[in-house]
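A single structure is presented below for examination.
Letters A, B, C and D mark the chains as written, and numbering starts fresh at 1 in each.
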Amino acid sequence: MTTTTIYGLLGALLVGVGLYGLIVHPRPLRKILSFNVLGSGVFLLFGVVARRGAAAGFGGDPIPQAFVITGMVVAFAATALAVALLLRLAEVGGATELDEPPPAEDRAA
Amino acid sequence: MRGLLDLWTYAAVCAGLFFFIAGTVGILRLPDTLTRLHALTKADNLGVGLVVLGLLPQTADALAALKLVAIWAMVLLSSATVSQLIGRAARAEEPPR
Amino acid sequence: MTSAGGELLVLALLLPVAGVLLAFLLGGRWAARITLLALALGLVLTGLLGVRLFASAAPLTYALGGWAPPLGILLRFDGLSLALLATAMVVLSAIALYARAEFAVPAGARETRASFVFWTLLLGVWAGLTVVVLASDLFTLYVALELLTFAAVPLVSLEGRADTLRAALRYLLYALAGSVLYLVGCALLFGAYGTLDIGLLAQRAQADPATLLACALMTAGLLAKTALFPLHIWLPPAHAGAPAAASALLSALVVKGSFFIVLRLWLEALPAVVTPAAAQVPAALGAVAIFFGSAVALRQARLKPMIAYSTVAQLGYLFIMLPLVLGATALGQSTATALAGGMLQLASHATAKAAMFMAAGLIYAGLGHDRVADLGGVARSLPLTVWAFALAGVALIGLPPSGGFLAKWLLVSAALATGQWWWVLALAGGGLLTAAYVARVLMVALSSAGPAPALRAPVARSRQWVVLGLALLSTLLGLLAWVPLAVVPLGAAGAR
Amino acid sequence: MALVLDAGMALCLLALALFALTARASYSAVAGFVAYGLLVALAWVRLAAADVALTEAAIGSGLTGALLLGAAARLRASESTTVAWPSAARRAAAALLSTLVALGLAAVVLWLPQPAPTLAHEAAAGLPSTGLGNPVTGVLMAFRGVDTFLEKVVLVLAMVGVWSLAADERWGGRPGLRHEADPNGVLAFFARLVIPLGLVIGLYVFWVGADHPGGAFAGGTVVASMWLLAMMTRLADTPPIERRALRLALVVGPALFLLVGLAGLAFGGGFLAYPEAYAKPIILAIEVAMTLTVAVTMALLLAGPPLRSADGQ
């Protein structure tokens, strides 16, 4: 058991936990939260890959570390867009649950 | 000399940790927001302060020591502000008994 | 690593990005002007790229910053890239011409929300697709996927109604789940091989646990973004609720981006890992999608949801090309027939579907509704538009001389050549069902009973001609039979 | 000893993640998530990725936490007390799928090849020609600069997306609600004290990023949070989105990247190839623009769509 193994297993578990929440939780805000947990699990897996590749005097392979930084910024932007959509939905439509879509023929064109 | 300083570090960091644990227990056990806040600020101020004081002799140079002290000052400032805000919000919501 | 003409790749990448930045900066009436100008330049550039590709008969490449993979990133342009980029440019241009009137800034206003958002995001879709066709690095392709997602989602809720907002949010959550699964796969592949460059992965990848799991997760993520059955439930409300021009963009192009990455992953990065047997799974889902999507389309009361379900079905055809290409490789045959058939199906669906959505948009604009039952005699009020709808329908059904016909013919030959006759059933059966839902609309629209419905608002002839032109193109794609066969194999799979 | 610490932290993280997903009230769940984010930042330190740790603390925990807390507070009123969970069968299927994915990933983590493949040597060899000392900045700005460039375009599209959710008549106006904080209150006092300090720290984090952990992302985010603090205490208001200067600030980072790239193409070096003698100053110039763009974008993504007209009503 090494540090990278521990965080690798943690990353795997967080992906599982986040994925479950994203699929199952009925509240959109909690789905967004689950997406962030899922994302951080994926980033930790990148971090483990980076740490295992420590060489040339660097504490880790800088390429996967850079992937994570890019990914985090994108994840924040995605969270911001999802939250803005959710708040607008609450303002316009009242209910925010993403219930099963009503039959498509009822929907406006 | 080195040994004495290390001893100081151990003692101060342990004392700091004690305040952190006491503060955490307080947040979990005390009955209302204001008393919990009391526990929290003790942990923040004394806990962080003692840990920083303990670590000071271990720093490589004066700049690093200065950074540690700056961190302490920032924690003090933000914790004082935040506890003020939480206290006011709590007083507005749950009037003191 | 940089080939002759590689600079063109950089220009192709920068053109839509510069368009996004300029349209965002200047806004107002400039957004539309910049888009149209950039598209004109883009069409010329795509032509130049095609000429260079034919002349060199090998993929064009460009090592960014002079750094070669695995440290740097290579831009790479091959026959598959040209097929998608050319399709995208033609469809984008048609949509832009169609949308010019709808998303103009009205006199007296400096800038309006719908206009600003539509034009910047149209450029964003273009930028995303360009990166999809040019990138040969799986992480750069992830950024491309995100470009497409962020450009597509706000288009769904452009009209701001609660149902469209809900559709957009559901779409965003599906798309984000898809990107994250794709990203996990990238982490595993990098952990196993130390590179995400497609060319290097093709040399190094083996069928080991990390690669198999990575391939499964990435494929699942991409399928969610492509809306392959059963991950399609976000698509119909999203595509049906957007304004017609945006629906055309989403249905014709955006979903093709993630499908294209499936092709790169399966056929180029990991051909040593995926087997013809594994490819039966997405193709079987595709076959189910064809029957399910068409059957549900047949039951829709409104035009736009019907067209959206038709997209669910038509996307199914694309996935049938996977086992055909891999089967041909396994038997040592040429993959050209299957590849050309698949890419032609992509181009044919993109042009026909965009034309169909825009025709539906014109009918809606004219009548104020798009209830199929109440379209009686609309062919007499909007003859050009109904013609366009019919021609697009011909291409979707796959009647000669449409691109859809040639595509299906090529796919059927590939299926028979590789001994996978069961896909012929899906290809033929889907055509019949498509014919049913297209005919259902046309029978009502062409009926001569009763007076022609009065138009609530005039519909500009120029917009009708744009739609008709695009529909005509999709119908005549089959006459250009030599093009897909010549274009697609250029530097396609296996020619690295 | 260190392994015990790591295992303890992993357990804490897992517990916090589960809390964030299962807590009844959304507000508590988000509070749990913020604590989770801070611990994740510590995990990054344990993985010897200080640059990532800074980014996680600033963006992953800080800004995302603030965003979600704001959303939870605004949704509290409209959130119904009961929600319909999916059927037991669907939950079981989701649980099975998630477990399979987690177990598969865990198995692959244990399987990963030894010695691990790495690009650290290639990065070390390439770094001198960029004039940078921090390899992560080298990857972001030089070796894989195009990813960073395109990701900035993603941010521009995200900004358009957030703004697109405004009401038509509010287009061009100021993002976000007017804050009600007392300009003479405790928070305003704190803000006056901290904002100058925070700006200096943000610029410092960006500046040292060339050779040490830091850089445009983390630095820009610190600057963004100072601006947000000023908005919250009404020391500053969000600018109207129709303002040309604001639009310029939002695109100047990628625009400069593009122009420098084009200049490289025109003068023979190639797109995104920096002439060796000027590599560092050019990269720093791009990073200055990036820091500005990141700061303004992050703050305005958090502020949301325009809700008030340009004169603040």
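Convention: contacts are C-beta pairs under 8 Å (C-beta built on N, C-alpha and C of every residue); 3 or more make two chains touch, one makes a residue touch a chain.
Note that the structure is predicted; figures quoted are calculated from it, not measured.
Listing every chain that touches chain A and chain D alike gives C. The largest tally of C-beta contacts between two chains is found for A-D.
If you average the CA atoms of chain C and of chain D, the two centres end up 31 Å from each other.
Distance between chain centres (mean CA atoms), chain B to chain D: 28 Å. Here the spacing of chain B and chain C, counted between their Cα centres, is 57 Å.
The set of chain C residues that touch two or more partner chains comprises 71, 139, 143, 146, 150, 153-154, 157, 160, 165, 184, 188, 190-191, 194.
In chain A, 15, 19, 32, 45, 48-49, 52-53, 61, 63, 70, 74, 77-78, 81, 85-86, 88, 94 are the positions where the chain touches two or more neighbouring chains simultaneously.
Among the residues of chain B, none is found touching two or more other chains.
Chains that are in contact with each other form these pairs: A-C, A-D, B-D, C-D.
Across the complex, chain D is touched by residues 74, 77-78, 81, 84-85, 88 of chain B. Interface residues of chain C facing chain A in the complex, by the touch rule stated above, are 71, 139, 142-143, 146, 149-150, 153-154, 157, 160-163, 165-170, 172-173, 176-177, 180, 183-184, 186-188, 190-191, 194, 233, 236-237, 240-241, 296, 299-305, 308-309, 360, 364, 369-370.
Residue ranges on chain D touching chain C, taken from their complex, read 101, 104-105, 107-108, 111-113, 116-119, 122-123, 126, 142-147, 149-151, 153-154, 156-161, 163-168, 171-172, 242, 244, 247-248, 250-251, 254-255, 258, 261-262, 264-265, 269-274. Residues 1-21, 23-27, 29-30, 32-34, 36-37, 40, 43-45, 47-63, 65-66, 68-70, 72-81, 83-88, 90, 94-97, 99 of chain A touch chain D in their complex. On the chain A side of its complex with chain C, the touching residues are 15, 19, 22, 28, 31-32, 35, 38-39, 42, 45-46, 48-49, 52-53, 61, 63-64, 67, 70-71, 74, 77-78, 81-82, 85-86, 88-89, 92-94, 98, 101, 104-105, 107-109.
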